[in-house]
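Each of the two complexes below includes subunit A, the first together with subunit B, the second together with subunit C.
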Partner chain A sequence: MTVSPVGREVARVDGRLKVTGAARYSGDYPATNMSYAHVVTSTVARGTIRSIDTAAALAAPGVLRVYAAGDGRLRLYPLAPEFSFFGENYIPLQDTTVRYYGQIIAVVVAESVEQARDAAALITVAYDAQPPRASLADGPREPSGPTSSGELSSVTVLAPGVASIDEALAASEVVVEADFEQPVQHHAAMEPHTVLAEWDGDRVTVHAGAQMPTPFTILLGQRLGVLPQQVRLIGRYVGGGFGARVIVWSEAPLAAAAARELGRPVKLALTREQMFTLVGHRPHLTQRVRLGASRNGVLSAISHESVAERPAAGGWNMLPGESTSDTLYNTPNLRIKPQWVILDMPGSWAMRAPDEAPGAFALETAMDELAVATGVDPVELRLRNYATVSPSTGRPWSSKHLDECYRDGARRFGWSARSARPRARVDGEWLFGTGMSSAAYPAARQAASVRIRLLDDDTAVVSTGTSDLGTGAWTMVAVAGADALGLPLERVTPEIGDSALPPGAPAVGSGATHSTVPAVVAAARDTIDALKQLAVTHSGSPWHGANAKDLRYKQGRLHGNGRSMTFGKLLRALGSRGVDATASEPAGAPSGYTFHTFGAHFCEVRVNRFTREIRVTRFTTVVDAGRIINARAARSQIVGGVIFGISGALLEENHLERDTGRLAASTLADYLVPVNADIPDIDVHLLDRPDPHLTGPLGEDGGEVGTRSLGARGLGEIGTVGSAAAVGNAVFNATGIRIRKLPITLDKLL
Partner chain B sequence: MNPDNDAGQGRSGVSRRGFLGAGAVAAAAAAPLMATVADASTAAEGEGLVTVRVTVNGDRHAMRVDPRGTLLDTLREKLELTGTKKGCDRGQCGACTVHVDGRRVLSCLTLAATTNGREVTTIEGLADGEQLHPMQQAFIDHDGFQCGFCTPGQIMSAVAMVDEGPARTDDEIRERMSGNICRCSAYPFIVDAVRDGQEAMR
Partner chain C sequence: MRAYTFTQARSVREAHSRAGAHTAFLAGGTTLVDLMKLDVMAPAHVVDINGLPLRGVTLDRRGLHVGALERMSDVAANPTVRRHYPVIARALELSASAQLRNMASIGGNLLQRTRCGYFRDVATACNKREPGSGCSALTGWNRGHAILGTSDDCAATHPSDLAVALVVLGTDVHLASARGTRTVPLDGFYTLPGTTPHVENVLRPGELITGITVPRSAWAAHSTYLKIRDRQSYEFALASAAVALEMRGDTITKARIAVGGMGTRPWRLPAVERALTGHRATEATYEAAVRHAASGSKTLEHNAFKPALLRRTLVRALTALEEQR
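Right after this comes the complex of A and B.
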């Protein structure tokens, strides 16, 4: 009897490769006759390049090519309009316009890394510079773009007889008004974006980290002026994504175009410094949240306004009210109004919980302020305003156990021992405080195709062009395949991270797992059908001439007509290496429901009474993400997400210089991310309640094919939603000081 | 630093045009010399190179390297030992941590030319054949990584940390492992892994 690995503590199937250094990331592939590219970036934020002097670089030892902005030597093309969302709105090197500080304006290609880097430093540039638009406060403000489903991004829901949100607020017994500001944040994945491009005739193989391998070939193909099928993307191991590897930035088109022009493989690695301007960032954002409530904390109105940076070069459309104020609480009156200000800044993009994390910091801090204002316990306040249908659409949730997250979390954390009074708990020179928050993240299913091949050695290969950014997708595919086929995990070989595979689920929006597993189940069903067909039609088969309906597959064996045989033995008997089938599942989910993953965070901090040093000492998170596929990888994802939130609360900030338009931080010494000593143990509990409306093509267990992997929702981003608010609320409880401008640094508490 | 005409050149048989031709003779002369020489001395790259003889994961190499070349780039681009990762190239992230003469160093801040006569161990040299080093196994067992990009540096750092003197508390592990950034933020699991790996190394 094979026990399904679903929901168990499964070690990563790629673990051994990663601890031995054998896992190949994009920069780790060799190539014959390799050349190395180094990019040069602009040092003004807005203007025109008057001249670029490349003579010294061209004369430097080992230099093969210098491509400069406007020289027309590397031909690149625009994205088709329907794909323009997935890229910056200019084409690198095709003109002499400077759109932001840190834009690529030249590329040097040389025989060695050292030669390319040093030659790049010899290039000098003269600009006709203009003053950049570099302040969110200066405006002008414009309405943000539409939501991903094409709807207006502003939302107004008013109770009968209420004329405006202001009227609803004015009629409320208690009103909380709070203004928030969050700085530019960076994905700062450990692997700087690195591309190796190698042409063979009119086809190019690109090694790069990509969250969406198949769309990557479409986007890069458009940039290069070739068809997607002429581009192969290989990115089996990816050194972190967090959103920065969703779209195609400049490095892949430039590397591939240079390799085409030069006729040699080109490896282009961005430096850490260049990563801060060339691969997106979480936009600078201000928010105003107003809550109206009764004296006992029952909400009568939520107003959530925001103003986000919008880079002129293109970027993320910030909608911080989505899945926060339009989702978390029952309210008769709701107003969400997002705006943006166009600035001359590097292109921005989604960063882990792109709208939800910033939005939840504002809403969940305001809810804590409401708890203080009404004297209602923060957990009780959230339960009093518990939403059973979406406040904006009126639809029920497919599955929602957020109340259980609150109660479980409160119990695990010891919330009942808390004093609501700030500065109530002092231990030596430390003030202790606790805070909590809610979290929600949408669960949207993407299209995915999966191929399963049963082999004559009784193993199966499960192939799909999704991507593992560290999320555990390699293992998820193996677990889902083992479950569907009833095979031991070690007899299932996953294949991902390659656009030559069937198009897989994009690793975006916390959607890869629950988009992939239904297609794995469907592919298992179809492959078993194909195996049966082979068994009854092949003349060498013991079941030749039988009716396929009389055969039954179970755990790697075919049974029927008094016989039983493993698929491997059957295939060997027929002289066949394998049998396969490919199945596709569409995007979308059953209509009539709202789909979200939920969670609750509980945080304890200590703040030094004298220095105001802030340390997170305890953290508990309980998550309702439907079915859990791999308990170990799931816990790691939640812990990582929570630490992103802690980091956003206490450390991360890139300051935009108003005069120059330069982002001030460009290294990991001045853009702070947590180190080990910053982080305590983090207690994570996963409810593991399968979502009854995300069951996939077969519904409940169809008999032959395992379906325990169905009913999952995503969990890659939920940990980052609300965790910063839990930290800030704990800081308030410790100190009595409310900080609404992130990060919460000690100087703000003095 | 080893200028082109240093005294060692004759003994090792290293020449500007590469080692491969003379390598068989040299290898025969110096019995344990298992030289794998990267062909760094193409015409374009040949000027101003220096000779480095270094033992990497037990294999002796004689190389012609650019004096600007870091140990990190040399390992990755010349020796094709790509397990060592470049996360920042300025000594701030720890992804490039290797051992030089048993001590943990940042290979991005170490010029290859300064490793002449030294012993370098990278992540590829840690396991004993198929048998993983206990620290490698502990990182798998505790899920001490996600994307895996910082992992070679974390593990090399952890092994050296234990060799420097075992950590007595989890907080001490956190402190002494804080030169290695993990953006996926597997930190709590790295602490678990290092605690167990340390125990297994004893």
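Right after this comes the complex of A and C.
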């Protein structure tokens, strides 16, 4: 009897390859006659290039080409209007305009990496510079709509007879009003963006990390002026995405265009410094949250306004009230109003829980302030305002067990031992405090196609063009395939990270797993049908001429008419290598419901009573993400997400220089992320309650196909939502000091 | 990185013969190679001095002798150092990362360059890197910058933890050049930036640090090093303090205090030392003594917190030292 691996502690199927160095990342691929590119970036934030002197670089040893802004030697094209959101709004090197500090203005290609880099240092540039727009406070504000539905992204819900959110607030017994600020944050993936482009005639193969392999070929194809089917993207192993590998930035088009012009393979790796300006960041933003409530903490109004940076070169449209203030609490009056300020700074993009993490920091800190103002315990306050339907749409959730997350988390953490009074617990020179917060993240299913092949050696290959950013997608595909086919995990071979495979789920929006699984189930059903058809139609088959309806598939074997045989044995008997089928599942989910993953965070910090360093000492997170596919990978994702949150709460900051538009940090020595010593053991509990409305094509009963993997929602980002607020709320409980400007560093507590 | 010649010296004399205006000595390489990659330093000639006999950690009547080429990790692990000079071991262990400590030398540590982000970015103005070009830090991001010993031309912080500890202990630095050898106190080795921030010490062209001597003292064994930073390891100090006390009963008879992360060089605080001397070792004494610790400091837009942090770091270090006793 084969036991389904779903929900168990499954080690990564690619773990051994990674720890032995056998897994090939983009930069690890060789090519015959390789050349190497190095990019040169601008050192002003706004203006035009008067001249670029490339003579010394061209004369340097090993240099093959120097392409400079405006020289027209590399042919690149705009994105089609319907795709323009997925890229910066200019074409690299096609003009002499400088849009931000750190923009690519030249590319050097040489016989070696070192020669390209050394020659790049010889290029000198003269600018006609203008003062950059570099301050969120100074610029004119613009509304951040419209959304895809054509509506402005503002939300207003008012109770009957209430004229405005201000009126609702004015009528409230208790009002909390708080202003928040968050600096530029960076994805800072461990693997710098690296691309190898190699042409064969009019087709190009690109090795690069991509969160969306199929869209990558469309976007890169548009930049190159070729069709998507002329572009093949291979990115089997990726050293982190976090949103920085969703769209096509400049490096891949430039490498591919240079390879085309030069007639040789080109490898281009960004340096760590260049990663800070060329592959996006989480935008700088300010938020104002106003909560109106009764004296016993029942909310009557939520107002959530934001002003976020919008780079002139294009970028992410910050909507921090979405899935936070429009989701978490029951309120009769709701106002969400996002705005932008156009700044001359590097292109921004979604970064792990792009809107939800900053939005939840503001809302969940304000909720803690409401708990203090009303004297209601923070957990109890959230239960008193528990939403059973979406406050903005009125729709119920497909599945919501957030109340259980609060109660389980409080019990595991020992919340009841807490004193609401700040500075109540002192141990030696350390002040201890605890805080909590809620989390929600949308669970939108994306379209995905999966091909399953049953082979004559009794193994199965499950293929889909999704991407594993380090998240565990390789293992997820194997687990889902093993469950659907009733095979032991080791007899299932996953195939992902290649645009030549059936179009897979994009690894964005915490969606890869719960988008892929239904398509695996559908493909298993279709492949089993194809196997039965082969069995009854092939003249060499013992079931030749039988009715396919009389055959049953179970755990790798066909049964029927008194016979039983493994699919491998059947295939061998027929001289067939294998049988396969491909199935696709559409995006979307049953209408009439709202889909979210939920969670609750509990955090303990200690703060030094002299010097105010903040150290996180305990952290508990309970998550309701529907069905859990791989308990180990799921826990690891939550741990990583929480570390992201702690990091954003306490460390991460890139200062935008007002006068120059330069981002001050460009190394991991200056842009701080935590070291191991900064992170305690993180206690993660997963409720593992399958979502009854996300059961996919076969419902809960798949007949012969395993369906234990259905009913999942995503969990890649939920750990980052709200965790910074839990840290900040704990800091308040420890010190009595409320910090609303991230990161919460010791200087703010002195 | 620019092209350069590379040679290995087998003796101090040979190293001197190779010395010149465009020559850099290579020990651990953790600063030099890093800055050469960034084009901040571009020597025409690099002379590897790792073959020189500048090794050894020994203790005698005069004190602790450490060869300039001893690795930070080896000195930190040395039982003699740990027993008699705990402040040195502590400062070393709180520096950099294990990998860097395995490579970096004691002489090189004393000569490491500032971590100012503008010094390290050749696209920006920096008087230390390029005299006369200006100082981007004064109007830029200067949260980590110095508040003591700064000038209108430079506010870069001296980065070494070890130097702060050694200054407290009255360490001598031994230097050698083609003209002979000399010894200078470490406290006088570093110069203030003034109008010449590119000059950081009294080393003459071609001169080498051959070793250090840390004198014997009663306070050396009663000393500690405290380092304050945003994350728990692998970061330079926002503030640090090396404190050493000589006690009679509960009374402080002699105090030695230096701070890091605050000055353009390791910064002694003689006024705080005087204010502690003759008083009982209590938190109230410390609070009173550090009241004027940051007098004369000059803050910038983002480091206005540093005077307060300096005072609190000192009180915490003194309290911790007293609790160790």
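Just so we're on the same page, the second predicted complex is superposed on the first by the 745 of 750 C-alpha atoms of A that agree within 3 Å, B and C clash if a C-alpha of one lies under 4 Å from a C-alpha of the other, contacts with A are read in each partner's own complex, and residues count from 1 in each chain.
Methods note: a contact is a pair of C-beta atoms (placed from the backbone, for glycine too) under 8 Å apart; a residue touches a chain by one contact, two chains touch by 3 or more.
Just so you know, these numbers come straight off a predicted model, no measurement behind them.
Enquirer: Put the two structures on top of each other at subunit A: do subunit B and subunit C fit, or clash?
Expert: fit
Enquirer: Please work out whether A:Glu429 is in contact with subunit B alone, subunit C alone, both, or neither, and reply first, second, both or neither.
Expert: Second partner only.
Enquirer: Can A:Arg615 be said to touch subunit B (first), subunit C (second), both, or neither?
Expert: After superposition on chain A, A:Arg615 lies in contact with subunit C alone.
Enquirer: More subunit A residues touched by subunit B or by subunit C?
Expert: It is B that touches the greater number of subunit A residues.
Enquirer: Considering only touches as defined above, state whether A:Glu657 meets subunit B (first), subunit C (second), both or neither.
Expert: second
Enquirer: To the nearest 10 degrees, give me the subunit B-subunit A-subunit C angle using C-alpha centres.
Expert: Vertex subunit A, arms to subunit B and subunit C: 50 degrees.
Enquirer: Taking the superposition as given, does A:Ala23 touch the first partner, subunit B, the second, subunit C, both, or neither?
Expert: It touches subunit B, and subunit C stays clear.
Enquirer: For A:Ala121, select first, second, both or neither according to whether it touches subunit B, subunit C, the two together, or no partner.
Expert: A:Ala121: touches subunit C, not subunit B.
Enquirer: Once the structures are superposed on A, label A:Asp368 by its partner contacts, choosing first (subunit B), second (subunit C), both or neither.
Expert: Touch partners of A:Asp368: none, neither subunit B nor subunit C.
Enquirer: Once the shared chain is lined up, is A:Asp681 touching subunit B (first), subunit C (second), both, or neither of them?
Expert: first
Enquirer: Quick one: classify A:Asp377 as touching subunit B (first), subunit C (second), both or neither.
Expert: It touches nothing on subunit B or subunit C.
Enquirer: Touching A:Asp326, do we find subunit B (first), subunit C (second), both, or neither?
Expert: The answer is neither, since A:Asp326 touches no partner chain.
Enquirer: After superposing the two complexes, find the smallest distance in angstrom between C-alpha atoms of subunit B and C-alpha atoms of subunit C.
Expert: Checking C-alpha atoms only, subunit B sits 5 Å from subunit C at its nearest point.
Enquirer: Mind sorting out which residues of subunit A both subunit B and subunit C touch, each in its own complex?
Expert: 114, 118, 667, 669, 674-675, 677-678
Enquirer: Which residues of subunit B touch subunit A in their complex?
Expert: Its residues touching subunit A are 40, 42, 44-45, 47, 66, 68-69, 73, 76-77, 80-90, 92-93, 95, 122-124, 126-127, 132, 136-137, 139-141, 143, 145-152, 155, 171, 173-175, 177-191.
Enquirer: Quick check: in the complex, which residue numbers of subunit A touch subunit C?
Expert: Spelled out, the residues of subunit A in touch with subunit C are 43, 114, 117-118, 121, 429, 608, 610-613, 615, 650-651, 655, 657, 659-660, 662, 664-667, 669-670, 672, 674-675, 677-678, 743, 745-747, 750.
Enquirer: Which bits of subunit A are touching subunit B when the two form their complex?
Expert: 11-12, 14-25, 27-28, 30, 61-62, 111-115, 118, 187-192, 237-240, 242, 269, 271-272, 469-472, 632-633, 635-637, 639-640, 643-644, 647, 667-669, 673-682
Enquirer: Within the complex, which stretch of subunit C touches subunit A?
Expert: 1-3, 39, 115, 117, 120-121, 123-124, 139-141, 143, 228-235, 238-239, 302, 305, 308-309, 312-313, 315-316, 319-320
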